[in-house]
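Each chain gets a letter, A, B, C and D, in the order it is written, and its residues are counted from 1.
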Amino acid sequence: MQIGMIGLGRMGSGLVRRLLRNGHDCVIHDTQDLAMANLKAEGANTAKSLQDMVLQMSLPRAIWLMLPAGRVDEVLATLVPLLTMGDIIIDGGNSYYRDDIRRSAELHAKGLHYLDVGTSGGVAGLERGYCLMIGGKANIVEHMRPIFSALAPGVATAARTPDRVLQMLAVSDAEQGFLHCGDHGAGHFVKMIHNGIEYGMMAAYSEGLNILRHANIGKLEVKPEHDAETTPLRNPEFYQYDMNLPDIAEVWRRGSVINSWLLDLTASALLKDPDLNAYGGQVSDSGEGRWTLLAGIEEAVPMNVLSAALFERFASRGRGDFSNRLLSAMRSEFGGHLEKPSASAPESKK
Amino acid sequence: MQIGMIGLGRMGSGLVRRLLRNGHDCVIHDTQDLAMANLKAEGANTAKSLQDMVLQMSLPRAIWLMLPAGRVDEVLATLVPLLTMGDIIIDGGNSYYRDDIRRSAELHAKGLHYLDVGTSGGVAGLERGYCLMIGGKANIVEHMRPIFSALAPGVATAARTPDRVLQMLAVSDAEQGFLHCGDHGAGHFVKMIHNGIEYGMMAAYSEGLNILRHANIGKLEVKPEHDAETTPLRNPEFYQYDMNLPDIAEVWRRGSVINSWLLDLTASALLKDPDLNAYGGQVSDSGEGRWTLLAGIEEAVPMNVLSAALFERFASRGRGDFSNRLLSAMRSEFGGHLEKPSASAPESKK
Amino acid sequence: MQIGMIGLGRMGSGLVRRLLRNGHDCVIHDTQDLAMANLKAEGANTAKSLQDMVLQMSLPRAIWLMLPAGRVDEVLATLVPLLTMGDIIIDGGNSYYRDDIRRSAELHAKGLHYLDVGTSGGVAGLERGYCLMIGGKANIVEHMRPIFSALAPGVATAARTPDRVLQMLAVSDAEQGFLHCGDHGAGHFVKMIHNGIEYGMMAAYSEGLNILRHANIGKLEVKPEHDAETTPLRNPEFYQYDMNLPDIAEVWRRGSVINSWLLDLTASALLKDPDLNAYGGQVSDSGEGRWTLLAGIEEAVPMNVLSAALFERFASRGRGDFSNRLLSAMRSEFGGHLEKPSASAPESKK
Amino acid sequence: MQIGMIGLGRMGSGLVRRLLRNGHDCVIHDTQDLAMANLKAEGANTAKSLQDMVLQMSLPRAIWLMLPAGRVDEVLATLVPLLTMGDIIIDGGNSYYRDDIRRSAELHAKGLHYLDVGTSGGVAGLERGYCLMIGGKANIVEHMRPIFSALAPGVATAARTPDRVLQMLAVSDAEQGFLHCGDHGAGHFVKMIHNGIEYGMMAAYSEGLNILRHANIGKLEVKPEHDAETTPLRNPEFYQYDMNLPDIAEVWRRGSVINSWLLDLTASALLKDPDLNAYGGQVSDSGEGRWTLLAGIEEAVPMNVLSAALFERFASRGRGDFSNRLLSAMRSEFGGHLEKPSASAPESKK
């Protein structure tokens, strides 16, 4: 099947490669020539412009956008006038699902079809396959099935859920690794929640491993400060462990209740750099975590874990600094407490 | 190798079976005759009493306790006088690591060895293998290696971490699925944090799926109440999705960033009972989550996610009810707000 | 000065009374005749309809809306066509500040002025005065100064901030209890954050008093369950206190760091009903707490306390029930754990 | 009445001054001569040593310790041997209530009485009076009543709770500002929770004001980055406010639902230094917040707000840095995401 791909970053390039390996015909475009040249060598047809892409493709065209969420509308503004009724646009990036609802209506008015496809897999997706969460009309999803099948991991990449076997259920799309989640926006809605969960899981591992890292605090604080500002550690004998974090992450990978792909990556990162000195700890967030909270707030459901995970990232980037200074200012006002110099912190990066 | 096993609940029975399958000699005891009878048929030697167990075993004995944390000390009070210098006691349950530190010293004074072994795997451990986190002296860990090797999943149950292959590292114990974490208590310390992380991950999935479940709120609230007590949903058109949770959990199992064994179990549970009507939502906690927080507080490290996960369980059991009533009481005092009847909640169990 | 008041609920009636006591001329309207009759007896001029109100007033009219946020637009739809260029509309309710921005533009196009006035004070405002947070154009705020002055508490109701005295600063509007916060929407933005903070403070008191209430848990759990599901309380001797919550709230009212008006109300509520049996603990939220979080998320600032306070309210209304059931389902899957009956909870309402 | 005071820091000196002003006889000791000299000039009797203090006092002695929690035991080791049966020791500092339980038993065995007195008021206590939360035996509390009465603010410092007037209740100790909370440890238990609540309230104000501070983010981010790492602000027009925080804190002081003494201090701090440049934002915690959580965890009650307030302080001191670096490391592993330089943060201290 023929597909156009606009945007050849880490994700877009991976998608194209996986499609090429499965025998699909890819017409590709990116503003970076190098990204195109590499994929051309692997069999893709390159397009110098959106117009060039459109001219190379047969009807009905299916064009997949793999762009930063903030750039989709401007690319559509150029692309849409070039298209023909019945063509299909797929947004595989991390767009806000509300934009999908709006765009699908705008495109529908022009006779164009639209699918929103939340795509998970990261740089490993080329080999592992991509998990695809799809929103839009069922007949268009059906039309694109060969592409989704090729991108998805396939049922063999994990053991079937036992009751599916017991009930002798046929293998479903979900078990292949792609799912038509509902009408326009449903794909990105599910992907948004997926990422919200991802933030929570990442924070769970990070907080837990941070406690393990500080399990030697009873050794370090040999002379705890006995002043009104700080309570001494009451039982230093209980915090005498120098934990080997790379080995601990590794041992959890097999047989434990908490093994996961994120844990595999954690073990990999800690093996390479046990103190993680290569990182400063300014953790980005790319939008889905925020949108997850916006949805949950409007639905009025509690989300203490998902919100905490996002706010830790905000705080890591210094966005709570004024709040912290105000706490110190209040302490000064009511108790005459002076701030302690931060240099005393024994936990700082080594 | 010969091992004694006291406690044949879900976990203890699984350990014995896996050891028997690997050719080890198991002397077992439990107060429940049925548990013993089943395992006897599979090749275990049963002991009617602790004394009987001790008499059946050759020196140095290695006896594994697989008991609720609250029962370990009383069993030790009976068992220890029956033992001989050089015997080894292994606590494989979910004991508090501080008890390990105390017990190991008490037993050392009597010439007995002690290992604490945090054991993860649940009812699936018999087939998947158990992840073992071990604290104690290195020579005793070495002595018990055949047992740990048999219980652990083995390196083949997951792909090796890439850099271990690239660096041509020999397969380590951690890769087999067991790890000597440090001195007495280190095993249960690591297991404690493991469970703290587990709580966080479980909460991340649960909160996220709860948001998906309520993604149809725009349909339900067709007549939002326009009163001073409740803000109407501003954009019901954005919450029109009836999400298929069993399929969504299933699709995430392959290729996504959030796949994990807990997700496998979630998909299984949702397939069997999509509305989870079999459950009331009174979530237990068995101690490790609390101890994780106690450790983190003494170490003075932030744990917003892990604490939120634990507190959600407390609240699920009604332990915040007085706090909530006080909030309503304050609202009544300052604003004359009356409580709304709970029956209006559209999200309650169907 | 003459003012029209639409909406005579708890807040609207209080505003009118305070204005009447200060000699202002109030033309009032409400769909409830009783509310009008009471105020008529105290000197207000009643209007049977919005048209009647408009006819009774001299130009430029100043009409204050004190309505649920969800009803403002429909009232404006009727009112606006009756008005004359130069008239002033004041929204004193808990509107979303984004609606202020929109409405002010719409009204401006018709030659009408608009102020948004966040109004705090509750049922006590009649006596204590109202704290007014105002958004809009400076000249309109200036025009309305007599009304704001009358409603606000006045500088004498609290000691002046020391540095204002030391620097011999003139008494500012803020010290009177009203403040022009900025352009359209700024008043409700500040009020929104005010309410977000209020949620956080209320939760802080409630959580703390809940811990005190359970300080007798060492007495109650005389036979802690020794099973794998529950960790026994390790030191019951430390939880033997039957705390007198009404007295504790009272003692904090004088001299402590945490005294506040909310604490005054807490002491009052606990004195009347120490077990708070009159309340079920279904805590409402009226919108500002949610909007506070939406703003903070878009600003990317951490808000762990404010979000936790809101989510506790959501959970109190059962909106996390599915999430909790899923946690129990996962526990059943991996560990074969059965849910405990909720009846065992010793902390439930007496 | 005669009282000995050991420890003349900010709090101890204030207590002595207030007692002197009320005509009590104070024998004082501190290792800092200057602290003693100042109070001698105001009428206190100085003691060069604990022995000297004991010799100057008549039986039964009442000696108040106002020391950092970590120093109480060492001072008691010196003091106790000098005392006579029937003497009274009062710990007015921020001791852990479990130490009170232990100490009271140890002192009881020697015929000495013990009271634990949680003391709130800070540097303002000299003028406002101190809020006293007392644990111990009722007859000893009764004996010390003149001292507690003198230190406490007195009923006139706040309006009586309405129902106390309506029911014509006699003025209670709690209304004077001191309270016998229960047996040994109860005073510090209540003070501990008081401080836990204080942390929560402080965080509520700080987080809320931080949102207000960033309400101009729509102006600052004129060129939002359009890349895969960051979601652009969708509606910059809603974040155009330059909020005047000193005025906002001031306006809330009168008539609002959130006025409090902490707000008075906040208004004072912001007036002096609106950007709080004098502070670095490394917020200390002195123990009670941690102990509050330990108690709540053992009681199994939810404390999302109180815990979040404490963890914000831990994070402000860099204790979550490793956790944050691990988050960045995971993002690099699965998505190839590079950390952004922190310099891009527009919110950093000006």
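In the analysis below, a residue touches a chain if its C-beta (ideal position, glycine included) is under 8 Å from a C-beta of that chain, and two chains touch if they have at least 3 such contacts.
Source: prediction; values computed, not measured.
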item	value
Least hop count linking chain B to chain C through chains in contact	1
Label of the chain whose CA centroid is most distant from the centroid of chain D	A
Whole-Å gap separating chain B and chain D, where each centre is the average of the chain's CA atoms	37
Mean-CA-position distance for chain D and chain C (Å)	27
Chain centre separation in whole Å, for chain D relative to chain A (CA means)	42
Residues of chain C whose C-beta touches two or more other chains	122, 203, 205, 207, 209-210, 214, 234, 257, 261-262, 268, 285, 290, 298-304, 308, 311-312, 315, 317, 319-320, 323, 334, 347
Chain A residues within the chain C interface of the complex	257, 285, 290, 293-294, 297-304, 307-308, 310-312, 314-315, 317, 319-320, 323, 334
Chain D residues within the chain A interface of the complex	9-10, 68-71, 93-94, 96, 122-124, 202-203, 205-207, 209-210, 213-214, 224, 226-232, 234, 261-262, 265-266, 268-270, 273, 276, 278-287, 290, 304, 308, 312-313, 315-337, 339-342, 345, 347-349
Residues of chain A defined as touching chain B within the complex	97-98, 101, 120-122, 125, 128-133, 152-155, 157-159, 161-164, 172-179, 181-183, 185-186, 189-190, 193-201, 203-205, 207-212, 214-215, 217, 233-235, 237-244, 247-248, 250-264, 267-268, 271-272, 292, 295-296, 298-306, 308-309, 311-312, 347
